[in-house]
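First subunit A sits with subunit B, and in the next complex the same chain sits with subunit C.
Let's look at the complex of A and B:
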């Protein structure tokens, strides 16, 4: 093995452990997705809510900000004390970290809707609920997606660290590489798919974001 | 009134999102659900191979889900994972280590006594079942190059006595001053000391021996490099090193919930020799294969040990 160069070692590794890498890839991705999904389920309503009650926004965003400042390894360890080892702790951690970008973006998105459009809606006799569901939310979807995109990229990073508390995933491969004597190829075998995952999700969501960005009347 | 209701609803939503997470598993991730057996593995190659071996066996013989809690830092961490209910099976535990570190008992050398004490104490104090050994022990062992052994007719550690004063040996840093089974006690038991002793990092020892820089080293018996360099292990004929036989340990709770596990784990008893473990470690450490792939190939080759027991 030692006489092969790094690229050859890497190809050798992938041909022999492809299935394993795929499983771990899947696992990492799912953990990140579940965490962010929960973050969206909780964060978007909170964001909408504080945009309607703007006095509360500094407090809510402040709390989310504080959560964000805790280093991820520390957060994992703190939650581990309560939730134990394994993937659920990682999902909760990702959930907590995804709150800030999602709440903040939802909030900003809701407020950045053109006031003239809102006035027009009100002028047409729409109820507050109708204004919210037919004007505000559709027009701020793109900004919300940007928040989710942010959260997901951060989430993938956290999930990899989650290997330290036994959650498995691509981080396992990286850690094993750092323990092995000639682990360069193994480290890359874990790090490359992780980076790829983050880049691809980022690209896909940025595409979705673009599609959802409302076109201004002048552009039409 | 309406505002209060909203507050409550948001609070409930947050709580609802978190509570189920601690009790059930999400699709695609076999987590801590009712029928999931959680196997704890430490961050060494050997532990991970054994964890995947157990996982493969459970998947083959039962319908239970399994998950591996990987990369635990030490034997203590993995023990606590079992104790706190975060894991059900510890992939490898060593009688010798558990005797002094977990049970805080006095250091003992008689293998049978150690096995007896550890097994009953784990059962009584912690409600955990110690299975019979897999068949290998990861212990300190003196090793020499095969040519060197042939030339001087070396079989046991006692055989080194005459050569010792002229020998250059490499040892683990911790071992030099360790109480109980360290170098001072070794000199007393075997009655000789080595000419030059180099304490160094364990990982470097094997290469130093292979490169002719040392005459003998004190390494770990299951290390993959023993197989790759064809090193000769000398028999510890005075039973100086305490027995570090490797076994699986489970909580009694999981055996009660899934009685079929006992049979599955017993199939592995005595099936993995020191040579086999060295080979498996070698494949992972030197051949760029993942513990999971190595474990699965090994199980297939041995037909999941369907013949034994």
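Let's look at the complex of A and C:
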């Protein structure tokens, strides 16, 4: 093994532990997705709600901001005290961190809808609910997705750190690498898929974001 | 009455009075323009009609039904609504935009599509445009869609809030033609808010002039030009516009010269020549004891006779054309010029002579009408302008 260079060591690792890496990849990805999905389920309605009650927005966004300022390792440890070791704690942490980008983007998206369009909709006889579902949400969907995209990239990072509290995933491989002598290849074996995951999800969601941007031109 | 607004008042919590005791009855097919400076309450009043705003007190009735007792959503679906910033949904095609209210009302898909085709034709735009998105249309085309969208569900009343304010003058004019056509040919009733006086005067059947929440004057465009209620209205209309409208609002009595040179039929030719010399004129108007115009005496008629003792009545021309003092200049000017006379006497209803109109005073009127108001630094104001203000300040000033 010592005779091999870094690249060769890496390929060696992948060929021998390919399935294991894939399993961990899957695990990390699912934890991040679950956390963000929960964040979206809670955050989007909150964002819509505070856009209708704007007096509440500084308080709500303030709280989400405070959550964001807690270092992720500290947050994991604090939650661990209550929720114990394991993936659930990581999912809750990802959920908490995804709240701010999702709430904030939903809120901004809702407010960025041209008020004249809303006025016209109301003036033509749309109910509040119709204005929300046929004008406000479609016109702010892209901004909301951008928030989810942010949350997911942050969430993947947190999930990897989550290995410290026994959640498993690609973080396990990285930690193993840092503990081994000359473990550079093992670190890379964990870090590269993580980076790849972040990049790919970002690309996929940016594509989704573009698709969801309401068509305003027939030339496409 | 289609729409009745009585004692409308809108007061904001901070004590600002936006609309104060607004009363108006609007008949079917009328085109009402609300005009005033910003903050005059015109938009506020309009927005109360479809309950986008709620009045502090007062009632609005449509076809006799108090709108405060109606479901606001249903009410709004029955009233067309066009705003300045167009308000087309950017993420919907033109067809979807036009079909918006019919869809809310639950029309069938076929009926909606049919209506969309009808409406795009009404807007004088090609059918293919239905597939396009608002962002691909010019501002004028978008507002055409905005206008017909407001009619798509056969709304009877259409509210328009400065709909053409952001358009260039040529586009604006073609859109004004469109709404005028909708009102005249389809019998739609328009409540139109504008700050453009030309727009209000050319479109409206009645203009409501507002200032600080109060109605200053409610009248037809002609009457407003003829008798502005006060100085505010005069200023709002603008001097230039009043001058351009002069031939249609000024009466002959306002431009005539008073005390023309006259002579009695019984007086002699010698007296006539003396008077002509004294007043430096070549024509004398002949009036009887009651000041009634009976003829005229020209210098040509005088020179042919040598006997200076001849009475005027033997020489004078009985065929004399005249104009009524109350007649509008616009109506008389054509006739005056065609007669080819240098001047023409003005009489009142009893045919008594009250003055004379010379061709030069007509030239002034025509000049002002064509070239606009004299530059403001030209002080003092021309006598014509003084007349205008006199006309503006005295109601029924047409009396000689």
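Rule of thumb we're sticking to: the second predicted complex is superposed on the first by the 214 of 220 C-alpha atoms of A that agree within 3 Å, B and C clash if a C-alpha of one lies under 4 Å from a C-alpha of the other, contacts with A are read in each partner's own complex, and residues count from 1 in each chain.
Following the convention adopted for this analysis, contacts are C-beta pairs under 8 Å (C-beta built on N, C-alpha and C of every residue); 3 or more make two chains touch, one makes a residue touch a chain.
Computed from a prediction, not measured in an experiment: that's the story for all the values here.
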Touched partner set for A:203, first subunit B, second subunit C, both or neither: neither
Which of subunit B and subunit C A:195 touches, first, second, both or neither: neither
Which superposed partner A:7 touches (first subunit B, second subunit C, both, neither): neither
Subunit B versus subunit C as contact partner of A:78, first or second or both or neither: neither
Partner chain in contact with A:125 - subunit B first, subunit C second, else both or neither: second
Subunit B versus subunit C, judged by how many residues of subunit A each one touches: B
Shared contact residues on subunit A - subunit B and subunit C: none
Touching residues (chain side subunit B, partner subunit A) in the complex: 6, 10, 13-14, 17-18, 21-22, 25-26, 28-29, 31-32, 38, 40, 43-45, 48, 67-72, 81, 84-87, 203, 285-293
List of subunit C residues in touch with subunit A within their complex: 50, 52, 73-78, 81, 83-91, 93, 100-101, 104, 131-136, 149-150, 159
Complex contact set, residues of subunit A against subunit C: 114, 116-117, 119-127, 130, 134-135, 138-139, 214-219
Subunit A residues touching subunit B - in the complex, by the definition given at the top: 1, 9, 12-13, 16-17, 19-21, 26-27, 30-31, 34, 38, 41-42, 45-46, 49, 83-88, 91-92, 95, 163-164, 166-168, 172-173, 175-176, 179-181, 185-186
